[in-house]
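Okay, so subunit A shows up in both of these, paired with subunit B first and subunit C after.
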Partner chain A sequence: MRSSLTSANRAGWAFALPGIVLILAFIITPFFLGVGFSLTNQRLISPNATRFVGLENYRQMLDIAVVDLQAKTDAAGKTVKDAEGQAEFPRLRSITRNLDTPQYHGMQEWFRWVSGNTAHVVIASDVVFWKALLNTCIFVLVVAPVQAAIALGLALLTNQKLRGITIFRTIYFMPVVVSIVVVSLLWRFIYSGQNGLLNNMLSLLSFGHFQPVDWLGNPHTALGAIITMSIWQAVGFHMVIWLSGLQTIPPTLYEAAAIEGASKWQTFRYVTWPGLRHTAVLVLIVITMQAFAIFAQIDVMTKGGPLDSTQTLVFQAVQRGYGMQNIAGGSAISVILFLIVLVISMIQRWLTRER
Partner chain B sequence: MKLLNVTAGAVIAATGFCSAAFATTDLTMWYHGAGNKVEGKIVNQIIDDFNSSQSDYKVNLQSFPQNSYNDSVTAAALAGNLPDILDMDGPIMPNWAWSGYLQPLPIPEDHFKDFLPGTKGVYDGKLYSIGLWDAAVALYARKSTMKELGLRPPTLDKPWTKDEFMNALEAAKKSGKFDYAIDLGMSDKSEWYPYAFLPFLQSFGGGLVNRENYDTAEGVLNGDAAIAWGNWWQSLFTDKLAPGTSQDPAAHETGFIDGKYAFSWNGNWNAVKTMDKVDDVEFLPAPDFGHGPKIGAASWQFGISATSKHPEGAAEFIKFATQDKYLAEFSDAIGLIPATKSAAEMTKNYKSGGPLAVFYGLSEAQAEKRPVTPGYVVESKVFQKAAADIADGADVIDTLDSATDQINADIKRNDGYKKN
Partner chain C sequence: MSVIGSDNRNLRLGVRYLVLILIALIFVLPLLFMMMSSFKPSDELLRDTSSLRAFLPVGQLSLDNYSGAFERAPVGLFVFNSIFVTGTTVLLSLVICSLAGFSFVFLQWRGRDLMLSIILATFIVPFETIAIPLLLEVSKLPWLGLDGLSWGWLDSYRVQIIPWIADGLTIFLFVQYFKGLPGELIEAARVEGASWFQIYRRVVIPLSGPVIATAAILKFLIMYNQYLWPLIVVQQEQYRPVMVGLQYFFQLNPAWGEIMAYLTLITVPVLAFYLVLQKAFIASIASTGVKG
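What follows is the complex of A and B.
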């Protein structure tokens, strides 16, 4: 290590220079600028001077509290019930717009749970941020293992010596080449609730028993629909990486396994999988980082709706920074996203280290 | 890039010296309509006419696609590269004026005294921009449908009340002939939302922000009138009278023409197209929800950048472009409302008795501008989200409270959008 960096190696540095300059200009400098902006009230455009506000942007975003609402009682002291026999609670605005509780001003409900005559309400100053954080985590938790697994399956399938196997590789790889914006637009038609391809197909396959679902317009299905489409779109890319990993495994090992009489599963378990160790680490880390950056699908297909069910961190960062001209707020989200991805990558690296 | 500019500058300077005797000053102009052939043709025609009408100035046009136009201007402003003349969407003008992108027009306001109020971009008491047209939103309907459903045709003087409007929608739904009673264009989650739907809220007696000094939304966006609006707005979707936010975008363009919807709440830039395809289409004025029928005002307008070195030349061009004949030409081509009465008389659609004549009066009397404040850029986004969330079934009061808090937080973050 020491020798290669310190000894006179001009050609090496010359080759590295363009990369270093680009990374400095487009990744490292903007990162430090972002950290700086997140501590100010920087606007996209404003004639007013930028002010240092410390951690105010982070406080705004992360502020969270739990308040209790007592069920309404009538004159006789009995609990008021609504039409469905549930206890009725006063509106949250009786707390968040109450002059006696200024600490809760400007906060909104995220979710609540009811026990007896008390409703525990989790309120936050920036509910959309929390929802975006949760959605992004769900997205990553589903996409990373599922996409990696499907990609591996496809790689194993297309790693056989068959005639015309390149055609299949090409077909699976094709969605990766098409711009994600175009893919999103196409899938918007597929998911359309009125006469989308998916609904029509499901109804055809079930002989008309299937009730059409408005996939992107329903808060319960929107995120799932985007997850499915995202997995499909990028699976080919990871398939290729797995394929390259598969082809580094020496054929002699397979021959030896065959001579020993190993079954298909045993071959995979004791030859293929250990041989894919480094590829697996790479694929998992790359998918995780890509999944955290989900943006284009959201921007084209749902704009975070319906009811914030598809909000994500990057979409919110862009929305705030450019849409709402709040560069400081957008930067703060980016910094938090960076920290999350950094921590997770380090954990993954540690878990998959050479023992 | 810089080097290129310097070289180009040197070349221009050099040629300038050679022809100093009959020097023309070059002006650059940016326009948002790239990709729109009809619009582009007229703009080019105006520029050619202007360039050949005198020898002092020469206007050079650069067109941008509408979607990226505002970003391009912002980027150019940050880089100090604004053109001399630019066009802008009316409600964004205060933000650009406040940010120092624009200079007030060096033309006395009197020059435009006949222009519709919506076409005049006045901020801080100064005229910053002027539009060749105003846009209006109308309730598209078919005469045959109206007759079949037995509906009273609303007029400017006697528009539909809220009840009449809801009865009309219910009748259309009951007839069973349509996918939905009315198409509102909910898939277009953009400036269309505040432009088209804010007037409903205003007609209920609510608003986006306090219009006295634009310092708070409390009680305006979450007051009783606004809550009444929210409940009504939500009922349109829960009662399946209108397609929701996941509507197919193409349906807003063609759904009414195809007969999928009985009514369409649509801009009059689609009027000419629709008249070509639907013989008995009628354009009805907005219903009155209690505080008068209202529609949005202010469309694209021309202004001069703060960095322009030749504001007098740019002003010459703007005066030239705002002649009646050009206003009429634009109107005939894309159905927009010409800015003056005299120009309206020269058009097919807006002259007395023309199929769209009713809107000239409506724009004159009842069009209401979106809040004229630099903070509108943010307020517009907040309204978009609130209106979409309510349509998707969110709790009305909580949503409006949250929107109010967001607007107030933004105003506070910007020190009330005053210059300091």
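What follows is the complex of A and C.
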């Protein structure tokens, strides 16, 4: 008995070792390296020795403040108005270059809102990081519910017993197997302002009433355009997960509902939806994790522009860590991203816990 | 009365199909447009976008865009690189991850449970968050090649293959599947004096068709569609895969005809592969979705 156990011990390690070594070397090591780099001033190629800087990278990125600017007043104490009748404010420099407020030194304006004679200005040391964080959150907050809902709709639609229904499932799933890089380049053309397919089709459908839009070149539409395309590409994947969830619901429940004379909506509300609880959490988590990692769409379509309207965390991490060879900065963004994903997967654990 | 009833049913059925078809168009038309455009000269392609001709094989059709794409970039090389990197990684991954899965399920060894939980914990580390430190790590790794010991893995096939062989998901898929295999089979083989490797090779693997298909399909999709990793580790044309090769076509005034040809060229094989295997494909995604 003893000898058989020791031999299994050796065989066990021998069988699992290649996999363990590879995961240790290429997932776990870089993960801890990244955490370490984020606390240093590591660069990809640098003549200077790497130095430990503690949380400096994080401070530099996360540093944010709100400052108030009082409207200019003239000698009589009246507010100075500009040509459009708006109150005129002193330049932000009066604060960020003021010797009395060294804590704001080097910070830049992100956005401001005006109430009365005061302008509240949000300033940050790393405005691009904040824009990237905000855009990533918008992307996730829109894509997760919308994509999950459309996917559920498609799943319900293709869960009917109709002849040829698998053909439709197959078609709806098709974009999933196409690379997001290919899709991004293709849609760059579809979204184009000149000769773009989308503009032309909209104009055709509205009998020429539609004014063409440069979807990716306009800061107001660029992120929305990327969101739409991303949903189009991946929605079939989540449809399939919903479908498999639908098929775990016992048919007897539907029969019972039919006997009770339940309406379509009631059947969905009291039979289908409760049966999909676990699938729902799974779909939302998978979409959320994927959405946080958005990179290829940005790199191929907009490079973060116009006016940083499509910056995202991974794009910034890559641009700093690789483009600017600032490994420490890129790693710090990665760690922040990882912490966000960690919190989300902990919420998942909590939502799906055994009760 | 019954006539009206059946008419009604037919109408409802018709509406259902109409809805299904309209939605299908949303998913099909962009891809159809890509393929049709790849056969049209660039100026005609641009003109056709203002009408439904965009989706039809009409006008001056030719393979000029394809030959143009091949002239602009070493397309054959990129395709070879992608197939080589993807194929090698998928094969190695199946072997290494199934061995690990076998060990975790059928063998007793010290540290097994700890190792399994560590591997499962790597699930929540998105690749995007380790890409940058991994880049620095591989740029300093040693390699024993034909010309002796060298440092740095950048610009090579190995940097695109080796870090991707083992991953938590694939090992997890094998572990889940192996747990469902009857343990008596393994014991019987053990009593007959088979070695663990023989049991793996002769008993377990022949029973593992479904999980091998699932793991292979998922890995294939991930590897063939890779972008971020090859983008940062490969500078030389010689090692570029198809997705990074796209950069040859990004320009201020892009030649859209050639781009459509290139996109079609690197997409159609995958689509064909999918259409042939779509049943297994969708079933495999569904099963991993629910368990993973």
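Assume the second predicted complex is superposed on the first by the 304 of 355 C-alpha atoms of A that agree within 3 Å, B and C clash if a C-alpha of one lies under 4 Å from a C-alpha of the other, contacts with A are read in each partner's own complex, and residues count from 1 in each chain.
By our rule, contacts are C-beta pairs under 8 Å (C-beta built on N, C-alpha and C of every residue); 3 or more make two chains touch, one makes a residue touch a chain.
Because the structure is a prediction, the values reported are computed rather than measured.
**Student:** Put subunit B and subunit C onto subunit A via the superposition and say whether they clash or fit.
**Tutor:** clash
**Student:** Could you look at A:Y322 and tell me whether it touches subunit B, subunit C, both or neither (first, second, both, neither)?
**Tutor:** both
**Student:** Residues of subunit A touched: more by subunit B or subunit C?
**Tutor:** The partner with more contacted residues on subunit A is C.
**Student:** Counting only touches as set out at the top, which of subunit B and subunit C does A:G106 meet: first, second, both, neither?
**Tutor:** After superposition on chain A, A:G106 lies in contact with subunit B alone.
**Student:** Figure out whether A:G217 sits in contact with subunit B (first) or subunit C (second), or with both, or with neither.
**Tutor:** first
**Student:** For A:A71 in the superposed arrangement: first (subunit B), second (subunit C), both or neither?
**Tutor:** neither
**Student:** With both complexes overlaid on chain A, does A:V121 touch subunit B (first), subunit C (second), both or neither?
**Tutor:** neither
**Student:** Of the two partner chains, subunit B (first) and subunit C (second), which one does A:G193 touch, if any: first, second, both, or neither?
**Tutor:** First partner only, subunit B.
**Student:** Which of the two partners, first being subunit B and second being subunit C, lies in contact with A:T96: first, second, both, or neither?
**Tutor:** Touch status of A:T96: first partner only.
**Student:** Mind working out whether A:L44 is in touch with subunit B, subunit C, both or neither, as first, second, both or neither?
**Tutor:** both
**Student:** So, does A:L307 touch the first partner subunit B, the second partner subunit C, both, or neither?
**Tutor:** It touches subunit B, and subunit C stays clear.
**Student:** If both complexes are laid over each other on chain A, which piece of subunit B (78-86, 132-140, 204-212 or 276-284) hits subunit C?
**Tutor:** 78-86
**Student:** On subunit A, which stretch or stretches are contacted by subunit B in one complex as well as by subunit C in the other?
**Tutor:** Shared contact residues on subunit A: 44, 189, 322.
**Student:** What does subunit A use to touch subunit C in their complex?
**Tutor:** Per the touch definition, subunit A meets subunit C at residues 5, 8-16, 18-20, 22-23, 25-31, 33-34, 37, 42, 44, 154, 157-158, 160, 162, 165-166, 168-175, 177-182, 185-187, 189-190, 195-197, 200, 203-204, 232, 236-237, 240-241, 243-245, 248, 279, 282, 286, 289, 292-293, 295-296, 299-300, 314, 317-318, 321-322, 327, 330-331, 334-335, 337-338, 341-342, 345.
**Student:** What part of subunit B is in contact with subunit A in the complex they form?
**Tutor:** 71, 74, 77-78, 95, 98-101, 179, 189, 243-248, 251, 377-378, 381, 388-389, 392-394, 397-398, 401-402, 405, 408-410, 413-415, 419-420
**Student:** Could you please specify the touching residues of subunit A with respect to subunit B in the complex?
**Tutor:** 41, 43-49, 60, 91-93, 96-97, 105-106, 108-109, 127, 189, 192-194, 214, 216-217, 219, 303, 305-308, 319, 322-326
**Student:** Applying the document's contact rule, which stretches of subunit C touch subunit A when the two form their complex?
**Tutor:** 13, 16-17, 19-20, 23-24, 26-28, 30-31, 33-34, 46, 49-52, 54, 96-97, 99-100, 102-104, 107-112, 115, 118-119, 122, 124-137, 139, 162-168, 171, 196-197, 200, 221, 224-225, 227-228, 231-232, 243, 246, 249-250, 256, 259-260, 263, 266-267, 270-271, 273-275, 278-279, 281-282, 285-287, 289-290
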